[in-house]
Amino acid sequence: MIIDAHAHVVAPEVFYAYRAQLLGSGGYHQDPPKLTDESLAQAAAANVAIMDSVGTDVQFISPRPFQQMHSAKPDEIVHRWIRANNDVIAKSVALHPDRLAGVAGLPLCAGAPVASCLDELTRAVEELGFIGVSLNPDPYEGTGGNTPTLGDEFWYPLWEKLVALDVPALIHSAGCYNGREVYSDHFITEESIAVLSLMRSRTFLDFPDLKIIVGHGGGSVPYQIGRWKAARLAPGLGKDVLEERFEVSLRRLWFDTVLYDQASLAYLFQTVGPDRCLFGTEKPGSGSVTDPDTGRSFDDLKPVIEGIGTLTDADRRAIFEENARTVFSRWKGPQPA
Amino acid sequence: MIIDAHAHVVAPEVFYAYRAQLLGSGGYHQDPPKLTDESLAQAAAANVAIMDSVGTDVQFISPRPFQQMHSAKPDEIVHRWIRANNDVIAKSVALHPDRLAGVAGLPLCAGAPVASCLDELTRAVEELGFIGVSLNPDPYEGTGGNTPTLGDEFWYPLWEKLVALDVPALIHSAGCYNGREVYSDHFITEESIAVLSLMRSRTFLDFPDLKIIVGHGGGSVPYQIGRWKAARLAPGLGKDVLEERFEVSLRRLWFDTVLYDQASLAYLFQTVGPDRCLFGTEKPGSGSVTDPDTGRSFDDLKPVIEGIGTLTDADRRAIFEENARTVFSRWKGPQPA
Amino acid sequence: MIIDAHAHVVAPEVFYAYRAQLLGSGGYHQDPPKLTDESLAQAAAANVAIMDSVGTDVQFISPRPFQQMHSAKPDEIVHRWIRANNDVIAKSVALHPDRLAGVAGLPLCAGAPVASCLDELTRAVEELGFIGVSLNPDPYEGTGGNTPTLGDEFWYPLWEKLVALDVPALIHSAGCYNGREVYSDHFITEESIAVLSLMRSRTFLDFPDLKIIVGHGGGSVPYQIGRWKAARLAPGLGKDVLEERFEVSLRRLWFDTVLYDQASLAYLFQTVGPDRCLFGTEKPGSGSVTDPDTGRSFDDLKPVIEGIGTLTDADRRAIFEENARTVFSRWKGPQPA
Amino acid sequence: MIIDAHAHVVAPEVFYAYRAQLLGSGGYHQDPPKLTDESLAQAAAANVAIMDSVGTDVQFISPRPFQQMHSAKPDEIVHRWIRANNDVIAKSVALHPDRLAGVAGLPLCAGAPVASCLDELTRAVEELGFIGVSLNPDPYEGTGGNTPTLGDEFWYPLWEKLVALDVPALIHSAGCYNGREVYSDHFITEESIAVLSLMRSRTFLDFPDLKIIVGHGGGSVPYQIGRWKAARLAPGLGKDVLEERFEVSLRRLWFDTVLYDQASLAYLFQTVGPDRCLFGTEKPGSGSVTDPDTGRSFDDLKPVIEGIGTLTDADRRAIFEENARTVFSRWKGPQPA
Amino acid sequence: MIIDAHAHVVAPEVFYAYRAQLLGSGGYHQDPPKLTDESLAQAAAANVAIMDSVGTDVQFISPRPFQQMHSAKPDEIVHRWIRANNDVIAKSVALHPDRLAGVAGLPLCAGAPVASCLDELTRAVEELGFIGVSLNPDPYEGTGGNTPTLGDEFWYPLWEKLVALDVPALIHSAGCYNGREVYSDHFITEESIAVLSLMRSRTFLDFPDLKIIVGHGGGSVPYQIGRWKAARLAPGLGKDVLEERFEVSLRRLWFDTVLYDQASLAYLFQTVGPDRCLFGTEKPGSGSVTDPDTGRSFDDLKPVIEGIGTLTDADRRAIFEENARTVFSRWKGPQPA
Amino acid sequence: MIIDAHAHVVAPEVFYAYRAQLLGSGGYHQDPPKLTDESLAQAAAANVAIMDSVGTDVQFISPRPFQQMHSAKPDEIVHRWIRANNDVIAKSVALHPDRLAGVAGLPLCAGAPVASCLDELTRAVEELGFIGVSLNPDPYEGTGGNTPTLGDEFWYPLWEKLVALDVPALIHSAGCYNGREVYSDHFITEESIAVLSLMRSRTFLDFPDLKIIVGHGGGSVPYQIGRWKAARLAPGLGKDVLEERFEVSLRRLWFDTVLYDQASLAYLFQTVGPDRCLFGTEKPGSGSVTDPDTGRSFDDLKPVIEGIGTLTDADRRAIFEENARTVFSRWKGPQPA
């Protein structure tokens, strides 16, 4: 069974006109998104067709990240927008309950306390049946206000709630408006910051059951692991509080496979272990481009991973399905044959 | 003949998803708007049907104001968005050349010099056949940077170009994000500021051929005219440079009829004269709501104006058609029967 | 009997030197205003003479608005200045108790909580016998800090106190230093914002006995009433919480007649009703200029209103006297003959 | 003959109401100051009477410093205010040409280039007959923008003009709104900064004929002279470019006697030399308070200086008259008997 | 016995490399200062040798002021740095307990509440045996945030603690980065502000046992005393709350002799009285330069003071020793022979 | 022959006290660093000993990055500090000309134009014999000002000069004070931004001879290569102007081997090719910690690379020596045996 743990909702294009309306009117317009059942069904079907085209059985879908607008003001429009995203996801899942499951967006606005997003988190999980959340560690979206990094106690109310609900968080930033990075670059930056901050903190000591998945293969950290292994052991660099080697700490996290390159994927598995990796493609998305070398889309990662000779069959089962079942424990999809 | 001189393009809803994409990606995404010829034709036909439903022969259409996003950054996305708006308008006009004409949006970004929008102005008029422009006097959209008011020499490069091209400007602000006004309130504020600034300046002495139409019946100024008549004559309030009475100066401007109330329209005509007013409805728009008292939409202004007893037939012809022909002199529509 | 409900104190010119001293010294100088009993008596007598010249029996006088300096720092000098204004008003009233009554300035400083001005409010009403207050809804005076608009709960402590004391508030902004409006323009802008904010809020549901008078004929709102009538009925524009038509809501407010134009006054009476209007002239003030058309001062509004044919005698009595007695219920002036 | 080289105009109190009007209206009001010839004559006569009461023959008068408002915006109102000050001074001088001479205020606004005040400087000297200027080295008046200190080339256009006109500058700051100092404290701070900056710069190498008088006995510098003598000789503190001892450099400046204490005055003369000091009292001003120890006003400095035993008669003549004649060389007052 | 009450620690040069490391790494580096016992002993011995060279028996040493970096961020590095300074001082004192005593630096960071530095204060006094503190009244070091001045209740938690511990505070600012003053200039400015603020406040009424020493001879205040004597008696300048003459208030403070000039020292003694002055040299420091006139270092102040003829022997004993014993009452050094 | 192309100067610890002095005094202190020939010789010898311990023949040394303080103010102290660094490097090289060569720091200050650092670049290369430069692409060091990224024409004056001098630039950021990353994290972020910006720009079309080495194995980019390969081919993501595949573009750059992990090094060589990689260790530095798995220091990379089985002997020669000779073409070290 192939579970794609990192994918985003395929919503009707017109859904994003709603975002423009919220931004343009500053929240004055109260009209809901102009979505018909038919257009939603078409979009969801298109998504399933895409899955079918690459042999994916199930996708766990969250809001399209760069459209989340966590830094928009007033906060009210962010709440309305994220809620609408979760609603669209819930409707898509309802249409294809065996093929889709929901990973909720969180309306954590720039400058707001973490507690402000917990109502929507509860609604998504308890009312809409979502099985995880997508977490943007930089609600300011590069605009300069500095949100404490993930290792800070600022985030504890969220960790408590996630543990209580038994749902994992996928670390994934949103837009980026700092003038030096596009959002796609910023994904990698923020994932790296998130990992390093968590690795230096006592978060996993205080929340041993917390489940964190880092998007895009962990940003830069697996590649730069030597740097952080050395730093962990350096007596003069005291920010790390975990009394274990860095490579051990790193395996407290989970990683997805959104890397679009066989060699880097092989490197990831080698570095953090197949038992900490979840198959993810973010398809359709920025990897939905044909690779002239293979004739397949970059984000058609199933054959790529199957082609990595260093993996055992057990490794592949873990990556493709079992790890996802472990992490997204609320998901009650069909059992493997 | 009924010419509606203040109307906005009816674009397919999905067009505004393009705006969300530009904002969300910070301009990284280069995809054009996802518009089909069919959807454009449907939208334009819908617009014509709306005109038919109220007896309008022609509409002069500009971008939907509150969606213009002049304060968005980087400037590049504003340019792409306004240009796309003008392109959509041009296509709509091309489908119904007898029923529509184009009034261009200007990509004048917050903090940019006026000269930065002149290329698009030239393109719109000379290449696309537009007959006027919509001018936002507050490119910062209420976010705090203070653009010089319209009486300032800051605007002279635009006035020069408008005069050279012989096209009028409709004063109409865009969004508003100051936290104290919604965009609809801000329209009135900015129109008032625009009128007062022009009335106190030497703009019309330096550009006697400049044609300025003030949206929404002139903001607050016609109603507050006594205040400004007195100020003009007060020796201690010396900001006014025009050596004529205020009510004379006011008639250097043109006004539209977007007021949605018969009494206020009657008051407008009485105050500035029917010979300075252009029929305008902004339909479909914020007045597209049924008035329970009449059973007609608030923005179905033709019968409202026809019902004002103080107007002569000549006045009505001026308001409905002739003044528009005078101001939008590049418009070569069919002559009255 | 002619009651002018919107007028400002005529203080000796030297009183304003005290304001310069406070600002210049940043509050270091503790000298009181250099006012003599004689100069105060002269100023008050001059004011009475002005009233006599136009047939006004009584004026309700407040501090000269544009001199209030609510945005000056430190707050202490604003408190001293407003208190000094109220003292001068109280002395003027004491000299002519049958001809003048006090409307207090409030030392609500930019950035301060509403509660900070209540002591002076209490002093003015309970100790000095004032019968109303002048309320500036923009203590920042256009300098950028955004005070919540009047519909916000921010203002509730003031509403509670006003209701408890049974005194009305005249909405009237102060200076304006935003670089785009002079204070006189800003009066109209802020009055419009104030009205729209109150109309969209539940203030009058929570404070049904609150009495609010809007200066200068309600800013732009009566003229733009069609716009707001339509918005109230538009399902997609949900900021309004009052479940009644806009024109009904508008009559929860009171309006003064400071418009200086017969046609606009006639329009005001027609739109909000003579039973919601209070005679006001702001004389002497910005309308104290001779109108060449009439040979009378623009602010000599008694004959202007008397000349409006659509008003009945009862309407005029309401406007000139009875409404003021209703609103300023603490005023115990002589009964009409 | 007793020349008081540091005094400020005694204007009618109502003159400062004009300042309040400019600030309050943001420059909208164009009325001139409400000054009558009679009130001006009274004020000037009062000033002469004060001089007579302490045996002063002549005062060189400049605008009252803390009222100068160089940091007010828009710049236009500063220009109008300073010009009005110079006009009042010129009128006072005209009434008592043997007893008064004018030292001009400069409208150098916060953030403006030095060149912006040169027109008024020229007008004051060439048209109004002024013999010096009062120079505020901190046009921001403590509000945070950092004007380059006096040793910077920023000031060279002013030095050039002063030298060309042969008029001296009296260093004297204006208001102070930094929240930590009142203007009176800030005088001393800014004078100290001014002296140290000039002493470290090459200003006097580039403008050997420049004449600078430092107000209030040189701020803190004469008292702290040991500190700066040591610093000048320290090889590691290289900001000083004058290759001479500090106490030599210090004598490139002139100092006034506005110290209000006999011991400190004796210390000043001892430190910088009587040949560099000009009698000044700033009377009437902050020293116009009776000293219980002497029964005389603190600013009645003539007997205080006469009582300093270490001064010779020649020293006193230099202090009381001759130095002033040297520095204010444009002054053509009556020769000593 | 000669006690030098104002001196700074002579630390090994490499100690300051630790400061660079903290700043450069933003606190990431945890290595302690690279100090050896030998280098510390050398530095301390050098300090004692300097004392010997000028006949000083004891120095009370505090951190080198301009290196304190109170405005550096994050606050954590300031705490580490100040603590390290106090540790170095404690070690120096331990090596020469008869010749040195510790005056603690306080880690009061820009923007932090006073309470945040009390733990280190307690540690220094109770654990390390310090006998006083050095207090920087401008933790922002000229960078613009305005800390309340010393007369404000902001400082009361510190005054309470100082009184409870019976230790005095030496007022001494740190760095200065305002672009208009170097730190050495700023010392004088801040000392002046500190004195004036305390003199105008009720601090000494509320803390009659508080002991404050003002560095560098009191900044500008003793020299400008006439100005403040007059202000204290002026009825219109009401900031002063002490009902006594200014010169009396001034003697509530203590002053050091760090002036480097015989005449100014004589002036200081004359003005505030020898019974309020403590011998201090800040040696080695900015006065450690040979005065060509004397052949001695400017900061060799013992012969300078001995040479002041107006002092009695008792005065000299007070200045050199007894006043220090009174103020630094926790110091239990050897009794005078 | 083993050439370590990425190493930093080993300066006497006391050298960094000079940095503290510059920062603390704001540039007021003019003393040069307190360096003796002996201490310099000791430090250089220590560095050579470190090289000897791991078999390195030559190191190309630049200033210690996190100490560069490009964001410090005033700019003057940055210039003095960087110049002092280059001087120390030059002296070290002079002591061991066969073992060391200089890579210059550039005094490009936050907010300054690129041209401001060219004089020091010229001095370093032409006078001191340096063979390359270390380039910080984020002079603001994370403090918020956004320097244009390396693909911007902002940098063209530097590229022109580097090409003219025939020296390469090593991309390496300095400190980081954004509160979310420590400098070590920021290295990776900035290198990633630098690579992506260059890859999207026409820099290498305009400067085909420009030689850029990216520190730390290219940041995140080689690991995330799939992401950027896909983006390059996506028609909707149009920021890239190079019409070639991303992996081709990437090979326009050079990469060092500062990764401290054999697997990641192997991955790097596989991804960009051994012919684009230069041996580098940054030793001594953050990798100078013993790896418990190997018993060797993490930064002892020679055996690590030698142990990578996929490399040929020719590959190793290229990595260890030949590529460095190609890139640092001004280096005229001894030829290989």
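Per-chain residue numbering starts at 1, and chain names A, B, C, D, E and F are given in the order in which the chains are listed.
Assume contacts are C-beta pairs under 8 Å (C-beta built on N, C-alpha and C of every residue); 3 or more make two chains touch, one makes a residue touch a chain.
Quick caveat: nothing in here was measured; it's all calculated off a predicted structure.
**Student:** Moving only to chains each one touches, count the minimum steps from chain C until you reach chain D.
**Tutor:** The fewest touching-chain steps linking chain C to chain D number 1.
**Student:** What are the mutual neighbours of chain D and chain F in this structure?
**Tutor:** The shared contacts of chain D and chain F, listed by label, come to B, E.
**Student:** Can we say the copies chain B and chain F touch using the same residue numbers, with more than half in common, or are the two sides different?
**Tutor:** Different-residue interface.
**Student:** Which chain lies the greatest distance away from chain E when centres are computed from Cα atoms alone?
**Tutor:** If we average the C-alpha coordinates per chain, B ends up farthest from chain E.
**Student:** So which of E-F, A-F or D-F is the twin of C-D, meaning more than half of its contact pairs are the same residue numbers?
**Tutor:** So the equivalent interface, with over half the same contact pairs, is E-F.
**Student:** Could you grab the centroid distance between chain A and chain E? Build each centroid from C-alpha atoms only and quote it in angstrom.
**Tutor:** 56
**Student:** Averaging over Cα atoms per chain, report the distance between chain D and chain E in Å.
**Tutor:** 34
**Student:** Where does chain F touch two or more other chains at once, residue-wise?
**Tutor:** 28, 179, 182, 184, 237, 239
**Student:** Touching pairs of chains, all of them, please.
**Tutor:** In this structure, the chains touch in these pairs: A-B, A-C, A-E, A-F, B-C, B-D, B-F, C-D, C-E, D-E, D-F, E-F.
**Student:** Could you please specify the touching residues of chain C with respect to chain E in the complex?
**Tutor:** Listed in rising order, the residues are 28-31.
**Student:** Considering only the defined contacts, which chain C positions touch chain D in the complex?
**Tutor:** Chain C residues touching chain D: 13-17, 19-21, 23-26, 28, 34, 66-67, 69, 73-74, 175-177, 179, 182-184.
**Student:** What part of chain C is in contact with chain A in the complex they form?
**Tutor:** Contact set of chain C toward chain A: 235-239.
**Student:** Help me check something: in the complex, which residues belonging to chain A touch chain F?
**Tutor:** 144, 146-147, 149, 178-182, 184-185, 188-189, 192-193, 196-197, 216-217, 219-220, 222-227, 229-231, 233-234, 237, 239, 245, 259-261, 263-264, 267, 270-271, 286-292, 298-299
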